[in-house]
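Some notes on the structure that comes next.
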Amino acid sequence: MVERVLLEGCFPPIPTPFDGNGRVDHDNLALNLEKWQKTPLNGFLVLGSNGEAVLLKREEKLEIWKTAGQVIGSDHLFIAGTGCNSTVETVELTEKGARLGADAAMVVTPYYYKARMDHKTLVLHYTTIADGSPIPIILYNVPAFTGVDLGAETIIELAQHPNIIGLKESSGNVVKMGQVFYKSGHVFQVLAGSGSFLLPALTVGAVGGVMALAAVAPHPLAEIVECFQNGAMKRARDIQLGLISANAAVTSRFGIAGLKAALDLIGMYGGPVRPPLLPLGKEQKATLEKIMREAGILEGVE
Amino acid sequence: MVERVLLEGCFPPIPTPFDGNGRVDHDNLALNLEKWQKTPLNGFLVLGSNGEAVLLKREEKLEIWKTAGQVIGSDHLFIAGTGCNSTVETVELTEKGARLGADAAMVVTPYYYKARMDHKTLVLHYTTIADGSPIPIILYNVPAFTGVDLGAETIIELAQHPNIIGLKESSGNVVKMGQVFYKSGHVFQVLAGSGSFLLPALTVGAVGGVMALAAVAPHPLAEIVECFQNGAMKRARDIQLGLISANAAVTSRFGIAGLKAALDLIGMYGGPVRPPLLPLGKEQKATLEKIMREAGILEGVE
Amino acid sequence: MVERVLLEGCFPPIPTPFDGNGRVDHDNLALNLEKWQKTPLNGFLVLGSNGEAVLLKREEKLEIWKTAGQVIGSDHLFIAGTGCNSTVETVELTEKGARLGADAAMVVTPYYYKARMDHKTLVLHYTTIADGSPIPIILYNVPAFTGVDLGAETIIELAQHPNIIGLKESSGNVVKMGQVFYKSGHVFQVLAGSGSFLLPALTVGAVGGVMALAAVAPHPLAEIVECFQNGAMKRARDIQLGLISANAAVTSRFGIAGLKAALDLIGMYGGPVRPPLLPLGKEQKATLEKIMREAGILEGVE
Amino acid sequence: MVERVLLEGCFPPIPTPFDGNGRVDHDNLALNLEKWQKTPLNGFLVLGSNGEAVLLKREEKLEIWKTAGQVIGSDHLFIAGTGCNSTVETVELTEKGARLGADAAMVVTPYYYKARMDHKTLVLHYTTIADGSPIPIILYNVPAFTGVDLGAETIIELAQHPNIIGLKESSGNVVKMGQVFYKSGHVFQVLAGSGSFLLPALTVGAVGGVMALAAVAPHPLAEIVECFQNGAMKRARDIQLGLISANAAVTSRFGIAGLKAALDLIGMYGGPVRPPLLPLGKEQKATLEKIMREAGILEGVE
């Protein structure tokens, strides 16, 4: 029997560092992970959307998980992003991730044959993966990337599987988050998929978040969780609202290139993105820096 | 100078009662309003989307506001839904609503020439209306009906107008709600546009909600607001989550016909909808009743 | 029994002329109609989307139809745009339009309660209207304005009604156009809803088009129909392709303000649009003129 | 310099045959290709969307192209589907495809980071690929799978690259097809991406189509092209319209499983799909057979 993995707290979907030649930079990957483990983060999603997983080859993925497995300590969760379009390939990758030390696997909905991804297909897909996986499965819904929206009914059915323990919901649909938590008898672990709605998500039952912003602003996000747990709602609200522009800057507005540039700004390793993604221009970088400064994220950095 | 109108609390967008011949039933309109005023509701939106405003003639609208103006007491807010596709017609209707007693006007985005509703057009539209209105204006964003999504930037600019005091946001975008509250210096009054996300909205700065569910379940919604204000977050959450299915039943799932059937179930007047809207079938009614019973809304009714 | 109305050829959805004070300008309406009747156009849609119908009051609509009924000769079809959100109001307006001389009524899908506009609702809505109408009904599908997409199945069922004779399809879905023509036994009259896909529509069974571009470029559009009928496919193609930019300029790109500015350019009356629609800026006007010149539409005008 | 590759005619995006154990069935792949080469088809897209390319491993892809390269004769075009999310990986796969005999490469738009796929990014992506490719590149736009819509402006700019020779447009946007053909000076080779709009596409300048239906109904599709070229427009129309239901059955309605089941019905090898795709149920198979029979596709088969 699989032991229950607790998903409480803040997790960044870590970006994959590349060197100047476009190769995975394992030294900086390890260095970043070491630095992050000194912050209040509770663990790491390795090879999510922000990890440029779809731009990596299979061998690169395994090597990245290998490094992550070596560097991430037992006091932090290692979540491997293993989902791809093929059920069989997802099963295989999940197995590999587990062997390389992952505590859980996050599985994005298949995203190419969108019109075919109905309730029945998705239930069978995830059930097959969960049945075959040595580690617990976390559903991952991110319509902005996939064009597929995992519905409440499907999630509620999948939540009954003993090896499916949670959901990363990136759509911002707090009603669905509340609904699936409620219908699972308060057992299913919901994670906010963006730092922009962490607090509202917590109020309807979420236990934490997997948020790009957590890679550059772990402290304020962790403080939101803490304030919420202590009933300091006004303080939680003020932190949350002060982070919205910064959150957009490292997600919808400037994308992964923005997240990496933000890491560079705080003295960690961001580095280049892989094509077709483009680096930020000079003006975009200046805007990013201004937003981060206003959000207080650069305090103590310089 | 216009006195500040406070939008705190729970407001139903009241449905328009029709008699068996399809005519507006003013007696039951008055009766419903009298009953609602004995609940913890803080006021009423008269002729919003749920009021079948787009299915009414101009004269019918004025008569409904007249009745509302006579029945709604000074301790409850009377908000008139005055928005339509034409700027000039909206100005005229807002003036009429004010004369008939409305304390504020809620103005939906124009919805036919969607592609033309850019930032500049919407700012000019709302500014013209607010300039000409004797009562404060509340913006109303409801993409599900309009196909137009009023953006944060536009709202933030409009929030600076002294006669634009708030926003009903029906999209469920809690990030936007938080953002516009924050950028207005915590002054702009945001209202949740659906009972399914009242609590998450409150946590990011909303002051209340205009919610179809409030017409049939005023007490639990008011209790969410009260619990939130008292810091009883767990109780607030439990009430909120227990209402999600009921909320869907009187909105997205069964529409206005569902809302009216629910009113009939609690001993108020719901009555028929206007074509092309269809009444609920027998099976749908049974489902609705079951959902309402499970949500505790029928307790004490029978 | 209603006599069969033939919809072959080119029809502009005529814009509504306003004077400098924003009032309907009946003199210029009549003048425009007289000029258009000297071109190869086959008739007129009066109060379609391009007629700013949703920005007009009921009385204004009736007066416009009155003028149109007086000016449009028996050799041209007078099609009244009578559709609105309410079934009953559409029935009434259709009756009025017929009395004022309309040969047929074009009825847009209801557009506010989008999610409720399912097959059953739409079939009942249109059947009620067609049953009660003294003139034939033409379905009108324009998702860009309505957010509703009338499906092939619904159209095919409605095509069996003896008083529903055709469809204006503005979505550009040529597959659907072909399908409904085919499934009706080649009887249902399909009209292209835009001048940009007139030729492709003709090749799958359409009999003509209701196209904003027809108001400013009746000759080349009529020539496309003629070439197609004569098998001059290459000539038809060349005219069609040469009109695409001009078509966009008076529709998706610059909207009704663009159409009116184009009328002004060819020496007819365009005039102002009603708010919230905005007039073209100076630069936009210059672009429009350039596009029209390149398309050959200004030849012989100056 | 690369010799001009002509894309005239009908091309099926061939499905990938799997055996009962889910492995690629090279014998049946070869057998199918041999049979198809005896029909009026002009060539084959190997590893497009219908080839389940996103469900295959890299090594499987190369082996499939190897078989295709051996079996496809010099009188038929071999087009390799080489596009994936990564620019570099697409360049590598295109190089491999060329070595294995492909005459051209079809490159789908990147589909995961949709919001980032703006004009500049796409121009750079395709230019990099075209610069590095030993064989000509065909753009491939299929929003239903990718959630990205390659715009006319981007296509027109890319059409100027000497090594980008055409476009497969699957959206059904005949206006765009006409526009890009026209703006390229009638040089750019546009291919209809579905058998449902082959004829309308031809009339605005397309030279042929890459159509799933071509795998099961090569003769009628080829006849549409022939009729169009001979000016037999009515005959072309009748064939086109008679194929719409069959086309939907092997695409949007039943997907790749439908296409494979249809191949089985005509005595070729369809076989199973890869999970998460599901096989057709019994009832779906019966519906498919009925549709194909009505379209005349099973004539001469049994």
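For reference, chains read A, B, C and D in written order, and residue numbers begin at 1 within each chain.
Operating definition for what follows: contacts are C-beta pairs under 8 Å (C-beta built on N, C-alpha and C of every residue); 3 or more make two chains touch, one makes a residue touch a chain.
All values derive from a computational prediction rather than experimental measurement.
Residues touching across the chain C-chain D interface largely coincide between the two copies, over half of the numbers being common to both. Taking the CA centroid of chain B as reference, the farthest chain centroid is that of D. Looking for a copy of the A-D interface in A-B, B-C or C-D, one arrives at B-C, which has over half of the same contact pairs by residue number. Between chain A and chain C, the centres computed from C-alpha atoms are 50 Å apart. Chain A and chain B have centres, each the mean of its CA atoms, that are 36 Å apart.
Among the residues of chain A, none is in touch with two or more other chains.
Across the whole structure, chains are in contact as follows: A-B, A-D, B-C, C-D.
Against chain B, the residues of chain A that register as touching in their complex are 172-175, 178-179, 181-182, 194, 196-197, 199-201, 203-205, 228, 231, 233, 236-237, 240-242, 244-245. Residues 22, 49, 54-58, 85-89, 110-117, 120-122, 124-125, 128, 144-147, 252, 255-256, 274-278 of chain B are the ones that touch chain C when the two sit in their complex.
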